[in-house]
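Dumping the structure here so I can ask a few things about it.
Order of writing sets the labels: A, B and C. Residues in every chain begin at 1.
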Amino acid sequence: FLSYFSHKSSTNMRLRLPLLCIILEVILIILFGALVEYNDDTHAKLWNANKSHSATRDDYENEFYYRYPSFQDVHVMIFVGFGFLMTFLQRYGFSSVGFNFLIAAFSLQWATLMQGFFHGMHHGKIHVGVTSMINADFCTGSVLISFGAVLGKTSPVQLLVMAIFEVTLFAVNEFILLSMLGANDAGGSMTIHTFGAYFGLMVTRVLYRPNLDKSKHRNSSVYHSDLFAMIGTIYLWMFWPSFNSAITNYGDPQHRTALNTYYSLAACTLATFAFSALVNPEGKLDMVHIQNAALAGGVAVGTAGEMMLTPFGSMIVGFLAGTISVLGYKYLTPVLESKLKIQDTCGIHNLHGMPGVLGAVVGAVTSALASPGVYGDGLQRVFADAETGKWNPQSRGGFQAISLAVTLGMALFGGLVTGFILKLPIYGAPPDTHCFEDGLYWEVKTFQYHFYIYLRNTENVQLSQQICDSL
Amino acid sequence: FLSYFSHKSSTNMRLRLPLLCIILEVILIILFGALVEYNDDTHAKLWNANKSHSATRDDYENEFYYRYPSFQDVHVMIFVGFGFLMTFLQRYGFSSVGFNFLIAAFSLQWATLMQGFFHGMHHGKIHVGVTSMINADFCTGSVLISFGAVLGKTSPVQLLVMAIFEVTLFAVNEFILLSMLGANDAGGSMTIHTFGAYFGLMVTRVLYRPNLDKSKHRNSSVYHSDLFAMIGTIYLWMFWPSFNSAITNYGDPQHRTALNTYYSLAACTLATFAFSALVNPEGKLDMVHIQNAALAGGVAVGTAGEMMLTPFGSMIVGFLAGTISVLGYKYLTPVLESKLKIQDTCGIHNLHGMPGVLGAVVGAVTSALASPGVYGDGLQRVFADAETGKWNPQSRGGFQAISLAVTLGMALFGGLVTGFILKLPIYGAPPDTHCFEDGLYWEVKTFQYHFYIYLRNTENVQLSQQICDSL
Amino acid sequence: FLSYFSHKSSTNMRLRLPLLCIILEVILIILFGALVEYNDDTHAKLWNANKSHSATRDDYENEFYYRYPSFQDVHVMIFVGFGFLMTFLQRYGFSSVGFNFLIAAFSLQWATLMQGFFHGMHHGKIHVGVTSMINADFCTGSVLISFGAVLGKTSPVQLLVMAIFEVTLFAVNEFILLSMLGANDAGGSMTIHTFGAYFGLMVTRVLYRPNLDKSKHRNSSVYHSDLFAMIGTIYLWMFWPSFNSAITNYGDPQHRTALNTYYSLAACTLATFAFSALVNPEGKLDMVHIQNAALAGGVAVGTAGEMMLTPFGSMIVGFLAGTISVLGYKYLTPVLESKLKIQDTCGIHNLHGMPGVLGAVVGAVTSALASPGVYGDGLQRVFADAETGKWNPQSRGGFQAISLAVTLGMALFGGLVTGFILKLPIYGAPPDTHCFEDGLYWEVKTFQYHFYIYLRNTENVQLSQQICDSL
């Protein structure tokens, strides 16, 4: 039995995956039973008890009506956006959508516990509602970013183990930034994108495969796989305004965040097309850039989006983000692989890493420039400590910069440790010759089979048989 | 002319389909003209007339703002979710999405009339608004579940005829459950899933084709068709919280239903991956399970979702639902086909049948365990007759159980009758040799044609011609 | 350098596209910096300053919560709906989704400026918020309709230049209709669909290619490209109720518009299936009809949708729209091409042109029939000048008819001028032999390459080599 797990060349999931899934889910169920309770807006008894208005209006004031549409947009980004964005590989579509589905379904449960634990227990209980659902999806997004770096080179068991550690560290980092340093980061330029990217890059560095070029012929797209990936891209792009604004304060901050993100993304898209054509000798556009770099504008206003960045500022940030992202894909990714041994399948450094850092810097600068003259009474709806009167924009900007440094440190350290844990030869990781291949973990019919089926439908049975026999 | 319809081998739709569509739509238009009116929230005159608050606030209180986002999520599930989930078949994608589109567009109109008729006329008129739109989409969902059982084996004319009967019986069953028995079933574990599943299973039983294995080679997926199907799966999964909560009472019940469904689905997904790998000799995951069983968690909290099921309870139910669904696909479906002659193309028994019954049982138990101590003032927002003071949880649980029995009876009886009606040789049903084949009802270019086009683009014209000639 | 641009046969985008994108975006950023400001609902300072209610409720009253869900639905239609609808061509999927993405991202920025300029500056500034976002997306929709006419025959540079002119004229026409003539057109039957269609048809007329049949073999669909296109169709269909209702007045008008559109589309779908089968000799359904004509019902209630059209009236309009749209595809499009030299790739005349004119006529008639007896106090929520007391339904109907005439004139004139500008041989347009071909502007791997990859995975290396060598 032990030999099953330690047999390095085996990628058989028959025991590994069921065991891990069932154990994890049983632990989750027990912890939820012990710790999780409905919050005031979801509890039958507490909802009315704390209200003093007339019954009819009360029900309309439930936070459900003001957060749930944002939640659903975020949910689409996590499951369709990330899932389909990664289907660009020619023979890894089942794993891209499927493992994305699995680790997201696990991570959102685990994140509910971890974030609930750090964000404040209520008499020893974690309170859940639509806001905790959004936060759990956010944390999940961070894990999926890291998934992009190791895509095609990991077993589902490895991915679940990675999620366990990454969610935990995410919650710690988020607690330090938001609760201890009082940082602003509504759209997660730091907590989600920078953290997820550098965590994933460190993991893939530790898991470096010198012989990965044995699977090189599968590490690229085909025509239809690129179209499936565009489904992911477009959904991420469209709903990013909802993502960045999903947990801001109500009123003008939420509205403004959506607007800023909308303009940043639009400007980013033009920059992406411009530089994609410019860096190609024949002036041809590259789907990799369009699929990814056009999204960098959303990442880069993840911190400053709720501030008075103005559409003007948002467009500049978006344009910059698209530019560095395309240039990163073209010039930096090959260097990272050859010099630093970082094999980054989806190029998350270009989509989440650099734009995330840019977003953190923009957030720090915009914080430092904030003033009551510009924000009026709205200052405290954006900067929580403006209410206390001890508010100082320059020190706020400083704390934002410190937050970025903390995030980078946590991500790199966490990725390092997690990478070494994932290196243990017990998870059924794919061999170098069979990376980027669905057939290892999924029941897949081969092309030959498909060809046979098509030919069977022809009249010329004899020829079909000949061709198929030879294939 | 009569011979056209009775010529059994003809699958020509040139007269059949236009005649039926036009007659049905004309009848619908006449009945809508005679019976359907805007309700208070959609009528220009009545909207303001019944309000006493200030004009500004009034307009924000329109139910549109509290129901429409849920409606749109449900709408996506009906048209994209169901439609693309069924595209998994290799040569039946046009029919899956297309017939889904057709029968849904018909059913939602017919359902508006049937549900309006049973749910209470207002001075002889049916009142419509966003709630009736959601209810019509719900009823449509039931028809689409049944469509899954007969997928690939029926003509569009048969499907429309099935929809006429199924929608009617759905409305009767719904009326008995909700109005006469006072049952709770906001997410439709009974009214939608159990009813749709057993109705469809009985129809496909009556339409049993002993020689269906002549089309066996088309009754399976190919690589890209499985990816299209995952679009359906993921949309159903993401929006199921909106589905179950779409017509609950406002406030905490709606919020809680969405939350419970979210957790149930997450737990269900882990169970699905676990058991899919476990039942495969090589430990490989099966797309059929992931596409379908991962959704069973939504079905199984369709009744109890609005109750104080707790996240803990929801996760247990979801985990159970995923487990029985995978086991059903693996072990029960083959037996149903070989022993009971039930050819269930999509395995609706595993996704909607068993999880629906589980959901009904969970609903009955949760109802029986309800108490004012747990629900406080919220009791009457979940259990309508708690307001009357004559509320008794045990008898409520009993009525829930009776509702399940009634639903099963109505579905089996209705499916039996409808099945025999669909057996008449006048609808242009496909022959056994051409099931699961778009080419019968759609203009489809063949693979050979595609191959020819691709080869034409090559330089070697001579070889292309040779190969294409021989194909 | 100049020879690069004037070398007619070159389709190289290396300088053209980056230059144009960067110049346009820099101009946009400068103009946004000079002219654009947050409106009252998005500005930190102004939001609270103008409110007198209690702080808590204020934030819930932000227009964000009442418009943003509609905005997101419209956004999905623009980027997924239009983008994927046009992927039906076998080798033009990258361009369809990609160029749609590019010109939409540009147009929404440019439209914000143009519409802001005409719809009323505030002390020399353009105010932006969720309503301006919806309006910008609407204007973008118009450009994408025109894109459908020239699909496959234009370079991305041409498309951007077209967008510059079309957005500008759209804003002028919209200003004349809505502000000067006081027309109703919430869903844009005239401003969006009629304008976009006839503008595009005129452009494609001027760009007539007598030798387009050299690319004939690529101007059709393949199996999977038709399924991708159905993603676009279904999203457009589902969210059209949100489109038509997105900028109506709050309350009953918005609710009613969504309801009317829902029924119009349902009836349209049955008409589409009926006539698609009827016009085919073998009674087979045509994906072109299902993909397009089923949407005509949404176009045709774009003006009257907010009025008391009743579900009965909506269904009649939808049924008519579907009918004329299918008949247009079957009988009119070939004539337009052979007699009038209008090469309309997507058949926008059938989906947007004729149904748009029908919608304008229905709107004029419904306006002329409006009365206080039917609308009560709601009259002024639909017809703005009913508030002034000088309201006259017959003259309203007349102004609606004049609006249609103005729109047709503006569209045809604008398309004519823009067409001649696009005819200049400097944009890198595709040659007649390479229309409908992604390979001109995108890095695309050929079928042969894919075939080689698949064969490489087979055991029989020798045979693979032979076949691939010969291909």
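To be clear about the criterion, a contact is a pair of C-beta atoms (placed from the backbone, for glycine too) under 8 Å apart; a residue touches a chain by one contact, two chains touch by 3 or more.
All figures in this text were calculated on a predicted structure; none of them were measured in a lab.
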Check: Which chains does chain A share as contact partners with chain B?
Finding: C
Item checked: Homomeric contact chain B-chain C: same or different residue positions, threshold half -> different
Notebook entry, point to check: When the C-alpha atoms of chain B and chain C are each averaged to a single point, how far apart are the two points in Å?
Noted result: 31
Checklist line | Residue list for chain A, restricted to those that touch at least two other chains | finding: 65, 69, 224, 231
Next item on the list: In the complex, go through chain A and note every residue touching chain B.
Entry: 12-18, 21-22, 24-25, 28-29, 32-33, 36-38, 41-49, 58-60, 62-65, 68-69, 72, 75-76, 79-80, 83-84, 87, 93-94, 97-98, 101-102, 105-106, 108-109, 128-130, 133, 156, 224, 228, 231, 441-445, 450, 453-458, 460, 463
Notebook entry, point to check: Okay, in this complex, where on chain A does chain C touch?
Noted result: 61, 65-66, 69, 73, 90, 217-218, 220-224, 226-227, 230-231, 234-235, 237-239, 242, 249-256, 258-259, 262-263, 265-267, 269-271, 273-275, 277-278, 280-287, 290, 294, 308, 310-312, 315-316, 319, 374-379, 381-382, 446-448, 470-471
